[in-house]
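The structure appears right after this line, and notes come after that.
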Amino acid sequence: MDINTIASLINAKVVGKNFEVTGMATLADAKPSEISFLSNSKYAKTLQSTKAGAVIVDENSQKYLPENCVALVVKHPYWEMAVLSEYFSTPIEDDNLEDAQIAQSAKIAPEAVIAKGAKIGENCRIMANSYIGNNVEIGDNTIIYPNVTVYKECKIGKNCIIHANSVIGGDGFGFATSNMGEHKKIYQNGNVVLEDDIEIGSCTTIDRAAFGSTLIKQGVRIDNLVQIGHNCVIGEYSVIVSQAGISGSTEMGRNVVMGGQSATAGHLTIAPFSTMAARSGVTKSIKESGKTFAGFPLMNHRAWLKLQGKLARLIK
Amino acid sequence: MDINTIASLINAKVVGKNFEVTGMATLADAKPSEISFLSNSKYAKTLQSTKAGAVIVDENSQKYLPENCVALVVKHPYWEMAVLSEYFSTPIEDDNLEDAQIAQSAKIAPEAVIAKGAKIGENCRIMANSYIGNNVEIGDNTIIYPNVTVYKECKIGKNCIIHANSVIGGDGFGFATSNMGEHKKIYQNGNVVLEDDIEIGSCTTIDRAAFGSTLIKQGVRIDNLVQIGHNCVIGEYSVIVSQAGISGSTEMGRNVVMGGQSATAGHLTIAPFSTMAARSGVTKSIKESGKTFAGFPLMNHRAWLKLQGKLARLIK
Amino acid sequence: MDINTIASLINAKVVGKNFEVTGMATLADAKPSEISFLSNSKYAKTLQSTKAGAVIVDENSQKYLPENCVALVVKHPYWEMAVLSEYFSTPIEDDNLEDAQIAQSAKIAPEAVIAKGAKIGENCRIMANSYIGNNVEIGDNTIIYPNVTVYKECKIGKNCIIHANSVIGGDGFGFATSNMGEHKKIYQNGNVVLEDDIEIGSCTTIDRAAFGSTLIKQGVRIDNLVQIGHNCVIGEYSVIVSQAGISGSTEMGRNVVMGGQSATAGHLTIAPFSTMAARSGVTKSIKESGKTFAGFPLMNHRAWLKLQGKLARLIK
């Protein structure tokens, strides 16, 4: 799709030269052949460092664009990005892809569905009623229990275990909202990547990225009923206990422990070897590694214990 | 089923004339051909305004019934209603219904199950291993991802998306409890109605109503692992973030935002354009629209911030 | 497997006589033909009362073993137990078992999968796309809704209802962690036992025990999206409301009520007829029965109300 076609889809004024656009990405990640967007005019200065070939902007923000970067000027850039995201989405199921490649030693239950383009490694076991979408790749020795859904284009490493009824790669919770309060879906055109040696519990959901990948690194342990939002990065050997929820775009280092029913806000970074007690709610990034926290808003675990002591005295 | 038959099923004394009963409903919703019940003798005065043709009551409450309304007098009306609810339930699967009507343009995966009596609209996509129950209606262009379960009699509008492994129309959590602590199931004879343009995440559960409908209005966005209790009404364009739980019979206006892991008690009303921060616990109805809240018990968001400041000072 | 074979698998020094080992169990439950392990050298004195025929211990703890009990001395007993647990696990699916025994009156959907060795009772209904694992036993009149997964060897009683997309018997969240922060799976070689007259909601997960059984007693009611950890015991007629999480090895008496989004820490005991308000977090065992609690950390419900009053005054 070229710039002029895009401009007509979103009613944009083009400032710059036409070129063939290969994809959409965030300002930070976009390459010269890609189009990006300014989600909020507050952050207009971040435009200056983008390598995107074109950006959807509003009139006021246009001046911050780097030289040679094409501007697509619209009134509501975030909404128009949502409109455009649909055009960059691939089909939900594509029957024109090549047949799935399944290693001879893999055991695929007859009631499992392996969509076209998928690649299943040696000694894998895909159990009954699971669904493996188009172009999904699964490494050697991985076990997928019954009734699991893996959406198209996700990648799962070697020696992983995914327990029953979990969902890998469902759409992230992304939409633009108009002044009238109506919502427009942002197509989630990224995927989920699970590295090797990961175990994921039952009824857990890991959302695909809007752009790029939601990444679960080697050796992670995730319990049941956990939510991992789009574009998160979960560090190596991290442990996420049941019913915890990690909001979108949060990145944690290795060996982070998230207790049961804990949660994080979005767009945070959490230092390696941090431990959150059960029910912790992480509201700010954590910079120093190796500490233990509790409470909501989050505080040092000792401070939380002290606070509970003070509160207990309040009612005596 | 007529009144005399019902009376013999629940060992009731009948005060009034026999008639053919067409269904069960709450006191507020029951029509003259229907039977209702008094769930708690504390609310006996609400009997006065019912239009039900018959009501299951205890001896003390009987006097509040309107003239011409038949009384079925029992010791434990709520328990006997539970007993009776089974007789008004339809079969879990009814093979005597007509074949499902599936629009020619709909794509139904061969591994999906469409039960009898269902109607599937134009351009719908029902993916592998999903189950669509008896008499379910699905509007045009709706997408049902793999491993979704839609229970019998639910209605889903046009242009909806339901992500993998979600459950629409499972039984609400309803039972009567005896003095000995044993439970009797209240059959959930209502359904779930989803209007148009709704998107629902993965592993989310929306329970069918005990009587009438659980109603999700146009344009609502629901994230993963969310619980919507029986008989809730979710207003247009409302946004319910991951792991939130809406207790039974709570009604919210349009564009309400429920943050991640937030919750409401049951039987509340929430004014339109209300926003609950993550982890909010709504304990009372919200009457004024457009405000932002936080905390549990719920308070104004500014008050919550102030409280956190005070608490932080407590431990310094 | 005999002691010498085990010793070579985990590089242990054997102190005592070789014998044929029939299984693994905890120190409290192990029989003379079984092997156990010391999970933490802090608890070395608990070795004195074990009936295990052999125990994996470290050098310092060995001296607390009863006479005639064989010691397998290693550096990291918990890690080596995890290594060994794999050798005591049964296959995920065993095609050499006998065909499933299905009562003539049972209705099994053609799209349901019943693995070998399973026994399905009279009048059971197993709906589409559910998976019933090896050697699972299901009592008369039990209903399994669509897309449910029941892992191998679990037992479900009579007159139970399991709603759609729930998972019974998934692996408990168990692993050993090395000094380098890497995790080793502890195979969950126990099962889940559901007694009679139990109803379980949608997308709920009940984990199998590491050793022995996770036990749900007669008449229990569990709502949607609930997590029950491995080795829990849920007392008769207990009620667990949506999104509650019960951590591993917690035991509750009869008629305990756990409110919505409530939780418990692990290894607690909760007295019968205890009630936890919504969002309660049980941090200590509850010894006196019949009380109502709230808050996190947990307190008497009245104390919690008083605390909220004090906090409200703080910000006035």
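In this document, chain identifiers A, B and C correspond to the written order of the chains, with residue numbering beginning at 1 in each.
Note that contacts are C-beta pairs under 8 Å (C-beta built on N, C-alpha and C of every residue); 3 or more make two chains touch, one makes a residue touch a chain.
Just so we're clear, the structure is a prediction, and the values are computed from it rather than from any experiment.
Peer 1: Looking at where chain B touches chain C, is over half of the residue numbers used by both copies, so same, or under half, so different?
Peer 2: different
Peer 1: Rotation angle, chain A onto chain B: superpose the C-alpha atoms of these two copies and give the value as a multiple of 5 degrees.
Peer 2: 120
Peer 1: Nearest whole angstrom, what separates the Cα centre of chain B from the Cα centre of chain C?
Peer 2: Measuring from centre to centre gives 32 Å for this pair.
Peer 1: In chain B, which residues are in touch with two or more of the other chains?
Peer 2: 111, 129, 147, 165, 203, 225, 243, 261, 311
Peer 1: List the residues on chain C that touch chain A in their complex, please.
Peer 2: Going through chain C, the ones touching chain A are 92-93, 111, 113, 129-131, 147-149, 151, 165-167, 170-171, 173, 175, 177, 181-183, 185, 203-205, 207, 225, 227, 229, 243, 245, 247, 261, 263, 265, 281, 296-297, 299, 303, 306-307, 310-311.
Peer 1: For chain A, which residues count as touching chain C in their complex?
Peer 2: 109, 111, 125, 127-129, 143, 145-147, 161, 163-165, 199, 201-203, 219, 221, 223-225, 236-237, 239, 241-243, 254-255, 260-261, 273, 278-279, 308, 311-312, 314-315
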